[in-house]
Amino acid sequence: MKKLKSLKTTTKVDFATYFGVIAAFIVVSLLKSGGFLNRSLTGMLVPICCYIVMAVSLNLTVGILGELSLGHAGFMSVGAFSGVIAAMSLQSAIPSGWVRLVVAIAAGAAFAALAGFIVGVPVLRLRGDYLAIVTLAFGEIIKELINCLLVGVDEKGLHMAFNISGTLTIDDLGMGPGGTAIIKGAQGATGTEKLASFGAGFILVMLTLVIVLNLVRSRTGRAVMAIRDNRIAAESIGVNVTKYKMIAFITSAALAGAAGALYGLNYSSLAASKFDFNTSILVLVYVVLGGLGNIWGSIIAAAVLYILPEALRQFSDYRMLVYAIVLILVMLATNNPTIKTFLGWKSKGKEAA
Amino acid sequence: MEFLSYLISGISLGSIYAIIALGYTMVYGIAKMLNFAHGDVIMIGGYVSLVAMTSLGLPPIAAVLLAMAVCTVLGILIEGLAYKPLRGAPSLAVLITAIGVSYFLQNAALQIWGANPRVYASVAPDTLKLFDGQLSIPYVSLLTVAACVVIMIALTLFTGKTKMGKAMRACSEDKGAAQLMGIDVNRTISMTFAIGSALAAVAGVLLCSYNSTLMPTTGSMPGIKAFTAAVFGGIGSIPGAFLGGLLLGVIEAMAKAYISMQLANSIVFAVLIIVLLVRPAGLLGKYVPEKV
Amino acid sequence: MMKKFFGILLALAMVLSLAACGGSGGDKTANDNPPASTDAPANNNAPADAPSGSASGTFKLGGVGPLTGDAAIYGNAAMNGAKIAVDEINALGSGVTFEFQAEDDVADGETSVNAYNTLMDWGMQVLVGPVTTGAAIAVSAEIYNDRVFALTPSASSTDVISGKDNMFQVCFTDPNQGVGSADYISQNMSGAKVGIIYRNDDAYSQGIRDTFVAEAGKVGLEIVSEGTFTKDTQSDFSVQLTDAKSKGADLIFLPTYYQPNAVILNQAKGMGYAPTFFGVDGMDGILTMENFDTSLAEGVMLLTPFSADAADERTKSFVAKYNELHGETPNQFAADGYDAVYIIYAALQAAGCTGDMSAEEICEAIVAVMPTISVDGLTGQGMTWAETGEVSKAPMAVVIKDGVYVTP
């Protein structure tokens, strides 16, 4: 009976989350078509969708699986660049922008999943802060590898080179005269066609929610959470720890890749240095402030915290200072027992993992 | 001869990483938190010593002492205002707060000293020339290595012999039990932050002397590298931080010289990953088996 | 657990929505403001070098550049320079006045687009910026779609302007500088063994290096050593310098900004290695770094469009004003920003724009006249533009002697 009841609550929360996202999309779309949204907010809609997907997917690793990852931006990077390559190289083959966007997002997700698998095998054998530093290391390695990547396309197909010596340039790819450069090493992708739209972002967010919420509420999700709460106990009742950890980690990486592909196709230039440690931390801040394991919290935190520095533009030079202070104060306010009692928030005494 | 000069630059860079890593590792050992703001305390130490030397005209020794004093106070303040209220909170909450402090320090420095990089006059400007000038070693490298060794020995003695040091070790083993034995845990943690921050000031002076420039983001990358070094050697272990820092510096210099300048950082991180797979608690870290 | 987060987030959201409302409200009124009197007196007292024209009214000039973060120095310099030019033009009483607003983009494409959108909400008519290359490429796609005229002070990659008819540059393009440097070295220092140290995660540095190497191959310049570094490793060059030294390079080409260059000079001296150093426009500014030991830069050569030590009246007065307002000697970026505003002023005059025209109308009008005007600025005399947006001006090779630039 008790189990039934709790199930009901989670189902309710899930539906409220879906409903909230759909409602937000409808309201924002109406406001946008009515001309009530200023340009600055309109321009932020696609990146907000990307960061929501990033935050929800990182929450799967950090909140549900319980492993601290400091390299989530690396998967976004893999997704962004493979998405851009897919979209740009298929420019002549598939004229429809929407179809190419879907293909690009799928490609981004697939390559990020592959990267997630390669990273996951060694990483998930470690624990705690050691795991954290290794994810950080992988994020930096991915950044440097993409910095060495040269990709171009001509009528013969894709040309790629890996610029380890640092002396190759895009001209060394041996492309035909009609070829275009897609990724020029450290200069990144330039001249990308802008395919992303708010509608696509919304669909991706919904898709992410369906995937993550169904995963979490499934047998697999319960196994993953059992591992988080007590790995040894989970192992002792026959849960295959490695398998479930990998499922959660790869899903998380794939979703980050999809978000990256959408992000990459929203800007005409993109450099690997964008996806550094600071971007990983930014997304981690969304997850922690939204609440670990709390999916709709991640959504709201990502949207609010993305807009915050932009809304603070009136403080001009001081805005990042204000942002830092707000961040510290929010962490203190939400975690300090004295302040919590003072404000009347009584923590239920559990789930303080 | 090139090999020797690569080795020397690796060792001197590694010694700087080691000094920073010593601060990281002490704080981690006792407070069990990753203090991401540590790199920015280094930057503040650099600025304070620069102001002391240029605007106040103090001699380098006095500037270093002043920087240490300011950073010690800063470390205690940060600990008291931002971290102490979160004692017992989830470690991720503390981590995010540390990141907030890091952003705060960087942007405060940007407001105070501006974005323009400052030239930092080395505290030991000359160069030692050997083999008819074929091999040249900046004195600041020698100074860095010496400082690193002295600090490592001093810290080992401090934690091993003094009452405060023993209290620190007790806290790092078991805070609850330490408290029962009459150790003031909060004071011990503040003390650790004070020592760590003073070390950061020394590291700041040496780092800036080595780099000869200083800007508000100076501390962040060495901070991450030193964090890597601390994990490499086994986080929480003082000789581990020393060894990890040195190895990291040497690997970085050798990778740059003989493998690929493009991928030098990647090679460093790849070595770290391999080491952690073989020794999951770092080179000198204690592997604590989980109790069921 | 959920309740408290919800509470905090709700509170934040409310504060934000209030702030957002306030912002958009302000924008509305700004947009509704009637443009300043269009019947202002004609430009009788316009400076002699301004092209004759009939622009009038108040124009909203936006600026985008990194005002915080790693690259803050470039953005701040360019925006401060632009501000000085705006104040000068407003004080002229020529009938044209500017309102200027600078927004921060942290040298990041994403933030740059956000900054640009914020300026569009403000009612911007012409854009000065973005200052850095990556950000400029991202914004250039937006300004092309929106038909807003943009003039970047310092984003030098050809990708910034290619395919966009309404994006123009004040600075040289990267190929221009790489080819110019290689030609200069091969003509004046034939037989030099060249080492290159460049930053390979920076479009500016990599771009110049690529064209330099290509041109060096054509003119038969020998490159013996190449060293790279990244944003994360720009404080230690001992390995790169040792490599160049051991391979016998007697000239080091540095297509990088002056901060790493200062470190390179310092560390080379520490090693007892003294080749000729040859820089590009990013080297400018090295002499004005606080506490920099200028003896380190003795004999350094560079191609630069601007010298703060130039003896002409305009440079002197600009340097004096900049020094008074910001307490430092302006670098090349400040001069580029200053010139950008004067170029826009000249173009507005030539096209006869008025302050009540929309951003699109101004854009079409200026794009049409840009190839026809010629502007004298701090960074070049008689600057002209191709329709592609590329500037044509003569780079100047200088050598540093006793802490000042002299022409060799």
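To keep things simple, chains are lettered A, B and C as they appear, and every chain counts its residues starting from 1.
Here is the rule we go by: contacts are C-beta pairs under 8 Å (C-beta built on N, C-alpha and C of every residue); 3 or more make two chains touch, one makes a residue touch a chain.
Because the structure is predicted, anything quoted here is derived from the model rather than measured.
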item: Chain contact topology (line, ring, star, complete or other); value: complete
item: Winner on C-beta contact pairs when A-B is weighed against B-C; value: A-B
item: Centroid distance [mean C-alpha coordinates] between chain B and chain A, Å; value: 31
item: Inter-chain centre distance, chain B versus chain C - centres from mean C-alpha coordinates, in Å; value: 36
item: Of all residues in chain C, the ones touching two or more other chains; value: 68, 200, 228, 230
item: Overlap residues in chain B, where contacts from two or more other chains coincide; value: 107, 110, 261-262, 265
item: Multi-partner residues of chain A (at least 2 other chains); value: 144, 147, 166, 289, 317, 320, 334
item: Residues of chain C that touch chain B when the two form their complex; value: 68-70, 72-73, 76, 200, 227-230, 232-233, 235-236, 238-240, 242-243, 246, 259, 262-263, 266-267, 270-272, 289-293, 328
item: Contact footprint of chain A on chain B as seen in their complex; value: 28, 34, 82, 85-86, 88-90, 92-93, 95-97, 99-101, 103-104, 107-108, 110-111, 224, 227-228, 231, 235, 260-263, 265-266, 269-270, 272-273, 276-277, 280-282, 290, 292
item: Complex contacts: residues of chain C adjacent to chain A; value: 1-9, 12-13, 16, 19-20, 23-24, 27, 67-68, 103-104, 108-110, 113-118, 120-121, 134, 137-138, 140-141, 157, 159, 162-163, 200-203, 206-207, 210, 213-214, 226, 228, 230-231
item: In the complex with chain B, residue positions of chain A that touch it; value: 62, 68, 122, 125-127, 129-130, 132-134, 136-138, 140-141, 144-145, 147-148, 163-166, 231-232, 277, 281, 284-285, 288-289, 292, 317-318, 320-321, 323-325, 327-328, 331-332, 334-339, 352-353
item: Contact set on chain B toward chain C in their complex; value: 1-2, 5-6, 9, 13, 54, 107, 110, 115-121, 127, 129, 133, 136, 138, 210-213, 215, 217-218, 221, 253, 256-257, 261-262, 264-265
